[in-house]
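What follows are several structures.
Both of the next two complexes hold subunit A, though its partner changes from subunit B to subunit C.
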Partner chain A sequence: MIGQDDKVLRVGLLPLGFFFCLLFVFPLGMFLWTSFTVKTDTSTVLTLQHYVDVLTSDSARAALVTTLLLSVVTGVVSLLLGYLLAYQVARRGPVLSKLIFMAAIASLFTSTIARALGWRVLLAYQGPINGVLVGLGIVSEPLQLINNFTAVAIGMIHIQTPIVMLALIPVIEALPKDLERAAIGLGSSRWRAFVSIHLPITWRNAVPIGLLTVMATASYFTTPVLLGGGRVDVMAIQIQQASQVLFDFGYAAALSVVLVAVIGVIAFLVFLSTNWRRGAAARGGS
Partner chain B sequence: MKRLSLAFDSLVCGLMGVLTAVTVLFLVMPLIVVVLTSFNPTTVTFPPRVWSLQSYAVIPKVAIDAFVRSLILGVLSAALSVLLCVPAAIALVKARVPGRPFIEMALRSPLQFPAIILGVAFLQYYFFWQHKLSLPLVGTFWGLLIAHTVYTFPFVLVPIIARLSAPGARLEEAAAGLGAGTLTTVMRIVIPLLRPGIVAGMFTGFVMSFEDVAVTMFLVGSNMTTFPVYLLGNAEVSNTPSLYASASLGALVALALVLLVERFFGLRTVLGKG
Partner chain C sequence: MSTLEIEKLRIVYGKYVAVDGLDLTIPHGQLVSLLGPSGSGKTSVLRAIGGYLPPTSGTIKVNGRDITRDPPQVRDMGMVFQNFLLFPHMSVLDNVEFGLRMRQVSRAERRRRAMETLDMVRMSAFAARLPFQLSGGQQQRVALARALVIRPAILLMDEPMGALDAKLRAEAQEEIRAVQKEVGVTAILVTHDQQEAMAMSDRIVVMRDGAILEEGEPGRLYREPRTAFTAEFLGTTTLLPVEVLGGEGGRCRVRHSTSKHEFLATGDLRAGEAASVSLRPEEILCSHEATADSIAGRVTKRMFYGVNTFLRVETSEAGSLLALEAPGAVMGEGTGVHVSWRSEGARVLPRDPS
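Up next, the complex of A and B:
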């Protein structure tokens, strides 16, 4: 609080509030409304037809399954890799930790399209990865690595891992190094110190971060387009097709509501897991 | 037993080291490959058989225009976000606002909202206003600027609120105690102290705007394309060295920005606030 003049300060909220309502709440409200209506020549009729269309469409259902599968695979793998990197950044010497950090940041701030292009070259039929695999005699002929689910998953994990790492570094740094040192000093092995001290404490903060990754992946567009080669149909592609190719805003809106509902369920899980964390902390007597 | 556990320990540590090295390689490989591929003269091969800079010379003018447009759009939408967010954040944190948690949650909600849905909703909304007011919005710079500001402002708001809420010297109380008015205190104490938060917010806001595809691709119309949308459109239909050259240029700007922020503010402090 500054002085007694709260009224003057409150005015500051008005421009953003107005902007937010006019350009975020209103467009989305209108879009939501579209999902429940059909326009005829004379009037607008309320209907659930768009939702029926979405739920009975084989391609929409398949896209939903693909989206969920992609999100979960990406969430789990990038949580593991991000944790590993964050742990190394927090616990290694300054040079190595800086090197890992800068590598992750360089990757994070390169556009997702450039990175997808890089994967396109790496995963190509006659690309370097197939070259190494064939050269080492692991496979007899090149594998189909591009334009499939695996390629999209690799691209998505590449995008999410640095983000998870950034979020986890403070979590791991918050844990005093002395705790592990004490365990090791008392005769525990480093591995046991990690499993029985480090993991249980940081795990509670890591789960919500993983779920946020799942949510973010569920609505990704560029990577599935560029690395899926038209064979990996996710919800974001369905929405784009419905609105830009079919010009069916009602159907696009219904697809969006279904996607947001799914993401909402995941968000609810985030909420539950953070509450569970607080509950656990309370039970711990802190 | 002790020796066995020690051996197991060094094995696990070794494996973790290897896995870390592989992960770091995994993160940087695509970036290196994009840049190396751009040195192909005419067709995409990796590694290039002939090295040349030809692909950079044939980057089309459309790409350069889109690149400049994206830079301007990023700077303007980040600046506009700061203008909107600083007063709002000061009101939320420093004044007693009824329903503050709810307002803050609402203003943060776009962060977790799928950008692609925002894009379609904007397209429909713009069509609506174009119809009502015969005011062109889709395919105009202003239309893009508005949409980008809506998309980027939460990324600017969050570090500013975090900075304002940080416990520290209660300088503003001292200023008020010494007789400074509310606005004087805000202008001379609160906002100068807020600078790191503003820098962090502008940085993230710029990057989000500069790299956005999901919102922008619906609104570019026929001649307002932005750099990432141009790249996506081309990457979908072609695979030429000049595409990789354009992508490398984009990556270069991002890396330059990262180094600049690292040099002057320290990346970990800036990113830590976001």
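Up next, the complex of A and C:
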């Protein structure tokens, strides 16, 4: 019976595999191929020209730096905020934890565009935040809060924090509450127990979640467009420009490959360092 | 030198009363077990002493000082948790040093005291290991060292053998008891294992439904329980339902409720009371020959336990009895036997209301 079920399952997977290849692997391959070729009227020539163009273009290099900076800032800040929120949800009373949980879910139900537009209103030159700052006399005239890197970062952090929080709740719940009690019973303050027991044990599981945030942010398009007002040039915007304005698909493909490669290298380095730590821990080092 | 006094301790969770007006005094250097089935409130008492659970009312005093509202950090309690709960990312040495580091003990002194305590539990050779590289028994010894290194006023142990297999358990019991005596620390052991409680404690506190049912030295509780619950919970026994016909001078004449068989038992109960008679297996004598007051029975089950062999004997006068096979005698299943007991071995106890 089990063997038969197995066979059914395997046959059932076939269409899935077919569509996966047709709709994902094949276009990806085409895309990659495009980045290495130039089409003339008569033939297709293999070339690295697109990559040379990307790497020598000042705007592409600047966009890459902006993208990485935005991704890392978003990753780090939403990891911190998400961790604190997840800790509250996992460790506090049922009322507070439910409230936080519901707030996070509610924000996930709202479209990213609506949320970005919401921030446009809040951060506007004559918006409520500036109103409060001026009203309290903290600043003499309204600040430029919108159409800059900070605005985009705020928008991105707003999008990523609930996701990070949801992913971290099981990580924190997996740690027995009594482990912190043990530390507190030995004379540690709550804060000390959090820093010296809770964080070191959970951070290895938290880092990959932060990394996912970095990856997701690196390819974001809407928020940088809506909150950056054209002044925050990220790779996603460059790619969109190249493919939809200039119709230079080779160049667009090369941009994408460079972005994926750079993010891949970062991910690899982070994993390597956490694995190295794990190895050291297993060997008995501290 | 620490004496623990608990007065009228009451712990309520919502509508559920976990501990109901408990009074308990533990003199210095004693190891006292809180023994009871799950839900008897024993763990709640331990957590209240440790400061992890605020009591609803009542006071907890150490050496006369009221600590009821003190946070756990300043209570100086050493706690051994059921799953040991060593800090997984710290070496054995760092685990043991943790409490000293929180007390701002100097580095050299920390090292010296931690190694000394690890020596005591025979774990100093493993100081550099991480917890996951240790066996359960070794982890438990480290947990004990971590709790003792801060020289706690009281050592609290919450089912410390719970995560060990049966063979390790006996070793660990011996070890913990030896270390506790060596250090001379006042200790409280929470357990549902009656054997563990009897083997380790100076005194056992039998708990049920959030209250103390009975307390005393293990031998006394085993031989002279005052309640049927204790008789059944500590060791093994057969409880016979009886009516008291009358008695004097610590002896009663009783009648089995169903068979109407009459015999003498030890205990002071008034005539007419419904009671239970506790018969320990070792008090029941099984013989091939009949005597004046023996009753006839048949062995239906023979259970070999190594040190001794238990017999399940069916009788018409006293129902089903659990007896100990006499050394040297072999009584196979199906054998007809004659069962008797001395009145000193049959203890008549008030019938358990539940």
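Throughout what follows, the second predicted complex is superposed on the first by the 262 of 286 C-alpha atoms of A that agree within 3 Å, B and C clash if a C-alpha of one lies under 4 Å from a C-alpha of the other, contacts with A are read in each partner's own complex, and residues count from 1 in each chain.
Assume a residue touches a chain if its C-beta (ideal position, glycine included) is under 8 Å from a C-beta of that chain, and two chains touch if they have at least 3 such contacts.
Since the structure is predicted, the reported quantities are computational estimates derived from the model, not experimental observations.
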{"item": "Clash or fit, subunit B versus subunit C on superposed subunit A", "value": "fit"}
{"item": "Which superposed partner A:Ser189 touches (first subunit B, second subunit C, both, neither)", "value": "both"}
{"item": "Superposition-derived comparison: subunit B or subunit C, residues of subunit A touched", "value": "B"}
{"item": "Partner chain in contact with A:Ile105 - subunit B first, subunit C second, else both or neither", "value": "first"}
{"item": "Which of subunit B and subunit C A:Pro128 touches, first, second, both or neither", "value": "first"}
{"item": "Subunit B versus subunit C as contact partner of A:Phe149, first or second or both or neither", "value": "neither"}
{"item": "Minimum C-alpha separation between subunit B and subunit C after superposing on chain A, in Å", "value": "7"}
{"item": "Shared subunit A surface residues [contacts with subunit B and with subunit C]", "value": "189, 192"}
{"item": "Subunit B partner contacts - residues on subunit A that touch it in the complex", "value": "1-3, 5-6, 8-13, 15-17, 19-20, 23-24, 26-28, 30-31, 34, 81, 84-85, 88, 99-101, 103-107, 109-122, 124, 127-128, 158, 161-162, 166, 169-170, 189-192, 212, 215-216, 218-219, 221-222, 225-226, 236, 239-240, 243-244, 249, 252-253, 256, 259-260, 263, 267"}
{"item": "Sites on subunit B touched by subunit A in the complex", "value": "5-6, 8-9, 12-13, 16, 19-20, 23-24, 26-34, 37, 44, 46-47, 83-88, 90-92, 94-97, 103, 106-107, 110, 112-118, 120-125, 128, 146, 149-150, 153, 157, 172-173, 176, 180-183, 185-186, 190, 207, 210-211, 213-214, 217-218, 228, 231-232, 235-236, 239, 243-244, 247-248, 250-251, 254-255, 257-258, 267-268, 271-272"}
{"item": "Residue ranges of subunit C in contact with subunit A within the complex", "value": "50-52, 71-75, 77-79, 81, 83, 85, 87-91, 94, 98-99, 102-103, 128-130, 133, 146, 150"}
{"item": "Subunit A to subunit C touching residues, read off their complex", "value": "176, 178-179, 181-189, 192, 197, 200-201, 281-282, 284, 286"}
